[in-house]
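Quick one: structure below, then a few questions.
Going by the order they are written in, the chains are A, B, C and D; count residues from 1 in each one.
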Amino acid sequence: MGSNMAEAHPVGFQWVVEAKARGARVIHIDPRFTRTSALADTYVPIRAGSDIAFLGGVINHVLSNDLDFREYVAAYTNASFLVREGFQDTEDLDGLFSGYDAETGTYERDCWQYQGADEEREEPEGASPDSPAGDDDSGMDKERTSPLGHGASGAPLRGVSNIATDPTLEHPRCVFQILKRHYARYTPEMVARICGTPLEKFRAVCEAWTANSNRERTSALVYSVGWTQHSVGAQYIRAGAIVQLLLGNVGRPGGGVFALRGHASIQGSTDVPTLFNLLPGYLPMPTAGSHESLDAYLDDLRSPTQKGYWTGADAYLVSLLKEYFGDNATAENDFGYDWLPKIDGDHGTYRTVMDMVDGGKVFGYFLLGQNPAVGSAHGKLQRLGMANLDWVVVRDLAMIESATFWKDSPEIETGEISPQTCRTEVFFFPAASHVEKEGTFTQTQRMLQWREKAVEPTGDQRSELWFFYHLGRRLRERLAGSTDPRDEPVQKLDWDYQVHGDEPAAEDVLRRINGYDTTTGEAVDSYLDLKADGSTACGCWIYSGVYAGGVNQAARRKPHDAQGAYDRQWGWTWPANRRVLYNRCSADLEGRPWSERKKLVWWDADEGKWTGDDVPDFPATTPPGYEPPPEAVGPEALRGDDAFIMQADGKAWLFAPHGLLDGPMPTHYEPHESPVPNMLYGQQGNPTRKVYGRTDNPSNPAPPEQHREVFPFVLTAARLTEHHTAGGMSRQLPYLAELQPELTVEVSPELARIRGLTHLGTAHVVTSRAAVQARVMVTDRMAPLHIDGQVVHQVWMPYHWGGSGLVTGDVVNDLLGVVADSNVFIQESKVATCDVRPGPRPRGAALTAMLAETRARAGVTVETGTRIATASGVPHVAHTDDDTDDTDDTDDTDDTDDTDDTDDSDDSDTDGDTDETAGNSAGEQP
Amino acid sequence: MTGNRISGPLHDVAGEAGHDDHPPRVGFFTDTSVCIGCKACEVACKEWNAVPEDGLDMLGMSYDNTGSLGANSWRHVAFIEQPRSTGRQDPGFLGLPTGPTGTSIMAEAVGPRLRDSERGGSELGTGPLDAPKAESEHPVQELGMPAFARPGDATGAEGRTDFRWLMASDVCKHCTHAGCLDVCPTGALFRTEFGTVVVQQDICNGCGYCVSGCPYGVIDRRPHDGRAQKCTLCYDRLHGGLEPACAKACPTDSIQFGELDELRERADRRLAQLHELGVGEARLYGRDPDDGVGGDGAFFLLLDEPEVYGLPPDPVVPTRDAPSMWRRAGAAAAAFALAGVGAFVSAAIGARR
Amino acid sequence: MGVRQWLESWPVYRQLTGPDPLGRGAAAQSPRYAAMRPRTESADRVADSVCPFCAVGCGQRVFVRDEKVVQIEGDPDSPISRGRLCPKGSASLQLVTGPQRQEKVRYRAPYATEWTDLDLDTAMDMVVDRVLDARERGWQEHDEHGNRLRRTMGLASLGGATLDNEENFLIKKLFTALGAIQIENQARI
Amino acid sequence: MTEREGTSHSDTERVGEAAAQAENRDIDQRVAPPAEPPEQSSEEGSIGREAQLFQGSGLGRRRRRGGRGRGEPTVVPDAEFRSYYGRPVLKAPVWEWKIAAYLFAGGLAAGSSVVAAGADLTGRPALRRAGWLGSFAALLASLYFLVSDLGRPERFHHMLRVLKPTSPMSVGTWILSVFGPGVGAAAVRELVPRRWRRTWPARLLDRLARPLGLSAAVTAPGVASYTAVLLSHTAVPGWNEVRDELPFVFAGSAAASGGGFGMLCAPVEEAAPARVFAAVGAAGELLAAKRMEQRMGLIGEVYRHGKVHRLRRASEVLTLAGLAGTVLVAGRSRSGAAASGLALLAGSALQRFGVFEAGMESTKDPRYVVVPQRERLAAREARAAVAPPDPG
């Protein structure tokens, strides 16, 4: 679901094809019939934006028929934990959980907490790098702080040993029963009404999924940005994870929730983040107010009494600061903690772009291999923002739309931008390509692979490493004599990397990311070696081990046919070269594999340690039945069955007492723009979604608003195999451009008839933001759906086109507005509403007038779509001003898997049978 | 060296072509049942062989914007949308408010317009480039449409339920009896020691005969270059012990390269497996050494009739009929000679009279 | 070339004297084709690399001859990709060697209607000036409650998902030291 | 449908499972109905027909276009035919009009050389002179057409690299390389100015011209007829399907044009053999062409429609007129002879262009490839059904 793997990850799809050949059943759940569907055994249609309803239906099927893997669920999840008495479910509050504040559009989340835990109330933090975003600003000033301050650590919990549990799972307030009640109305009939998925199809999926998940068999779930790019995106993944946990498909071979990410190192750029709310290794950026000192920061990050490996956060951060500031970081100056800038809300890319448009706040912009004029939602906003800056630095392989917006953006035609009046200074720096520099990419399965440099770049082409190293060097030279304290961090920076000629040595950077002993200079072997006393430096603790033994482990290339299962000698996978996370779950409570067929790691009683085909994801010598002493903390506090070692309570969270802003359990909310009302609750959309009510960011009306018939169709967009994202790396290449030369809009024959569209004719798709012209592709692959008795049509467009390159076209992202998931600020770009009209779109002033007229007809105002609360019993407040409502925010990461992504399509695979299917599964299957 | 030199089964093609001590015959088995239509084969082939881009035009044939094999595309992925399902696939659109299938719409938009192009659309990159006239002149109309059709509007007995999307990578067949090779007057086309058929670019003078000699419509003359071009089965790579670029790139191993005998066995097993799984419509194409070209060096597993993929259902190498053609020509020549002699003889007789 | 040699190089002669009387195989082969070898064989070196497009992380081998990339193809040793590449990966050679690659720094002055050339060194210095200026103008020492911010809002950056970990590390490190926080990449898009 | 599916399993025996086969049929039967467009009824007219197109028929087009050439009903039911978006299966020949011109010029050279050689042997100097010169001119023209149609004309001589019996073009090249020098020698002798006749090269030429010319005449039948094989020995349905008659059409056409040229250029009194040759040739051509048209199956459509039809109809009329003129007036009237000769020449040329064009047309519609092959397969299957395959 939410992934069009065959098209977006074709080479990874070989493993699905292979699994299918071995008997696995492949199910593809997607709004349109794609190349993935073509190879699947079963294609299941679904309305874009309704996946939680579908998954909730699966959860309901599992729970109401007692089909869960009970031993697994009882032992490894928090199913037995009791939740506080004050907790109220969406069933009670018309789609809201308890704690909702309609004024701010946020939740007070204390009431979601476990009974017995955290009585003093705590700041979150603490999930694992691969566990749900943690944060919780309960008790904090909502106006100003944010859970963004919690990195990816899950939620810190105090008093975990006090949490009340009911091992029988019968207590009405235990997670298991709460879950059961929460999804009780997600019946197959309801799923069919909401998703448009025919009843029989849905039942077939439920049966296949549950029948294939047990001791002997596992099912894998694959998603991509078809899940993340929603206003409820993080909860989509949670919903998938809950199904997989209930069925015992996490941490076991052939199971899992696979995030197929879209860029060569997008995983790496999340781990070693170029993200505003994170420091390397999912440590949070310090938050103003609450993180005034190192101690305050650390206290907020992890509770000294919690379980698991997040208790080592002090060592991780101090080692990072040692890497940043070298000898200048000392215990006396808190290792330079004060030099870190503080965040205090949403500083995400869309917020920043709006600040650019507003002027006076942002002056300069670096674009590093990114083309927001085409690739980001609401392209017009992006271009207008850039046109309102002092300067832009673009570094790319080829001339892209984001470098030439001042002379050839679509706004030239409408008069909104003209070269003569655009003051933005633009620097274009040609970049070195992947073969002209060395370094590591982290692929979608968290594997770092080293690339050798093949040739030198030509002319002025340089790597980013060169650019930033020398930019830093020059800045430091410029500021060397400054006495301004604000320049101190730059002066104190340890910028002394080895160089080859004038090119910094990537291996040296990697070695320092890995970490080293500051006295001996020797590389550390794992994050367990890191110290909080300043004796180690480490750029990214989760990458510790990539240079273990002083050897570049990411450069290992032992042929796959020359090594055993799991290919542990190819590249290096964080953490600790572990290929399957939480693989303790592959063994039962006694540490024996659930079945011979599905064995992965197990307890070797003779040796007194965990062993197996993969690196065990558990304290090496903690036996299966271990009961820690009550005073134990951190890793030592993990019980023998606390398989989720990064969680503060050692358990996988079916119910998230902390860490998510929009509810402890995934709940079906309609997309921000939807043609239908929410059939489950009065609450239409995500009640905490981030809306930006601005005149330049209008929304199409959605129920309960009027005039949604002006935009009657569901629009979704995605990738084609033949192109890459915004097209900068594909539209410029003849061999790719010729394969998909024009922007198309795919419509069903039924819709074509309704709108008078002819195959290969021209049409334009209209939203309240823009009109985009495309060639019409009338195809059976698109099909209308029955949604609660109405026929709803979906249209699909690929989004790779822009104004430059060998093949050009309108920018599909212009159609989208900006509305974001409250947890991770990822925009909802997988679903919107639209109209489709035959013929070319108007141009110039006529276009502007047509859009204005359309908005008027639809009654669109700045308030449209901003009344995010629609449940009964709460005021329906419009959230128009974008200034101060930075209350909700977060960090990313999710349960059992990586998080947000790139750009991609919707769909999915549920792969039955033995083997894992995803492309990110590195290697052979058992 | 005896028998079946110009048609019929021929085991040792390379030996027949004078290659002593030759390696085993190699070829492709393209299993279209696992093709994901990614077109990696097209690109990998072009990168390796420096084949030029074949036109940036949109053809409207599902996701096929290449159109056919030709001088500038030695691999071609066909995309076929059909209102039926394959084997154990479930009917994808069962229970949806669908109307009649629209798979005809594409062909209706594409086919008729091809004829007006110079070579009837058999050259690469030709297709309906422009929007259909009638429609592009549509004014932008305000559509006062109701947002939703009433339930049942589009349903009914005619509603489409089944659907499948066939994808298949086509390539030169490297026939046992190759029409192109037989008619080549320069020896530019030759049978390699691997049993493949290759155009030698240093020899070809662009006579164009091979283009008409090929019963599959594969080989073509490259405009501006003037020479005939087609898949070489990466002859240079074979010399280095490498597999052809397309087979190497193919993500799902739809394109398999290997020794032909082994590939045929593999294909037979795969066919049996698919039949067992209920994919009764699976069939092999070009595998049979008894066919009109003596079997193909590159053969296919298809899920429908060959012509649906643009392949001839029963191709025959023209050379098969060469003896009879020459006999007829000989008779005609004799008649011609007789007429010539007769004319003068009769004239002489007439004059004498 | 002697007459005999010339004659022997004439395919018709070889047809008449050799095992290929019909002239469809050995007799017709040209010397160039007889000697043909894959160009990867003549590479000076081969670099192990990784495909730069999506996140599957397929292995690539980059063949270099005379300091030019002459071929990029899948690395058969990779347990991820087993030597296979998708169309984009297969087009990597064109990506790195194609004419679309820019080689020179380009500069567009305010209100200019065209690009001009700029020396790399000068451009770097100009960027340094601008970074310092924007940082200064956007500096925030405290928020309205007096909490320490110590940051600048004058600068933003977008990109990283296509870059190396090492590069992302330096980007984040430098910007963090400068106090710039609006550092983002595709992972949030 | 079922039957058709069955035929495609030419290797079902190989699968060896009657059960599997039955199952195939089963499945095919089950899925067949939706594959057929629902609107088969006549009232849908062109739409229904176009709907066939998605399985790819070019028929709708043929019908419409055929309107110009008085469309006759087609033989093959539409439902039998499917294709890939109506795209051609075969490549249209890359040859241009020059190849058609070559066919004519080559035939003329051959025909004229026979006339010239006969005239030489029977003492008809004017006819001889005209014949050799005409033959030589036609030969030069044909070589020009041939070479300039090459993609790489400078590599013309590569034609002499090999001698391939399987390649009519190779065979033709070698025939021409025997034919050409003889014609050349004989023609050049005719052109030697009077004042040079006494020089020794001229005397040598004088001596050699006759044997060389005769050798050319001996190869002329080959030149006249090989071009038919050249066209037929292709996958082009419009040429391959007429392989039995085309040599006679072309040989007749060559004779008609050679004789006609003699009639045009030589005095009536010397031209009697040319008249006979032309008449016999023309008659032969007409008869062979008629037979060809009668025997053609589906491919006949391309011959009966459009440009091909117009060209060949004109050819037929001109050839008939030329034949009549030859028989009735050419022996009496110089101008009548000239007119008849011209008509025959034009008729011959148009015949070549017509046949050439028919081949081009026949590749543009996949129907002409698919339908006959389907019929062939069906026939084979029917035969196989009657006589079970040899178990060996």
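Quick note on the criterion: a residue touches a chain if its C-beta (ideal position, glycine included) is under 8 Å from a C-beta of that chain, and two chains touch if they have at least 3 such contacts.
Keep in mind the model is a prediction, meaning the values are calculated, not measured.
Chain centres here are C-alpha means, and the one lying farthest from subunit C is D.
When the C-beta pairs in contact are tallied for B-D and for C-D, the bigger tally goes to B-D. With centres set at the average Cα position, the gap from subunit B to subunit D is 25 Å. Averaged C-alpha coordinates put the centre of subunit C at 54 Å from the centre of subunit D. Distance between subunit A and subunit B, defined via averaged C-alpha coordinates, is recorded as 44 Å. If you average the CA atoms of subunit A and of subunit D, the two centres end up 67 Å from each other.
For subunit A, the set of residues touching two or more other chains reads 10-11, 14, 721-722, 734-736, 739.
Across the assembly, subunit B contributes residues 38-40, 42-43, 47, 83, 100-101, 103, 105-106, 108, 110, 160, 182, 187-188, 203, 251, 253 that each touch 2 or more other chains. Residue positions of subunit D touching 2 or more other chains, listed in rising order: 161-162, 164, 166, 170.
Under the stated contact rule, the graph of chain-to-chain touches falls outside the line, ring, star and complete shapes. Of all the residues in subunit B, the ones that touch subunit D in their complex are 6, 61, 67-68, 70, 78, 80, 82-85, 100-101, 103-108, 110-112, 114-115, 118-123, 158, 160-162, 179, 182-188, 203-209, 211-222, 225-228, 268, 271-272, 275, 278, 280-281, 283-284, 287-288, 291, 305-316, 318-319, 321-322, 324-326, 328-337, 339-344, 346-348, 350-351. Those residues of subunit D that touch subunit B in the complex are listed here as 4-5, 8-11, 14-15, 17, 20, 23-28, 31, 34-35, 37-38, 50-58, 60-61, 65, 81-95, 110, 114-115, 118-119, 121-122, 149-153, 155-156, 158-159, 161-162, 164, 166-170, 173, 217, 220-222, 224-226, 228-229, 232-236, 239-240, 243-248, 250-252, 254-255, 259, 272-277, 280-281, 284, 359, 363-366, 369-370, 373-374, 376-377.
On the side of subunit B, the complex with subunit C involves touching residues 1, 5, 14, 16-20, 38-40, 42-44, 47-48, 181-182, 187-193, 198, 200, 202-203, 234-237, 239-240, 242, 245, 248-251, 253. By the touch rule above, subunit B contacts subunit A in their complex via residues 34, 36-40, 42-43, 46-47, 52-58, 60, 62-63, 65-66, 81, 83, 88-90, 92-103, 105-106, 108-110, 125, 128, 131-132, 134-136, 138-141, 143, 145-151, 153-154, 160, 163-167, 251-253. Residues 6-7, 10-11, 13-14, 17, 21, 33, 35-43, 45, 196, 198-201, 204, 675, 708-709, 712, 720-722, 734-742, 744, 748-750, 752-756, 758-762, 764, 775, 777-781, 783-786, 789-792, 806-807, 835, 837-842, 850 of subunit A are the ones that touch subunit B when the two sit in their complex.
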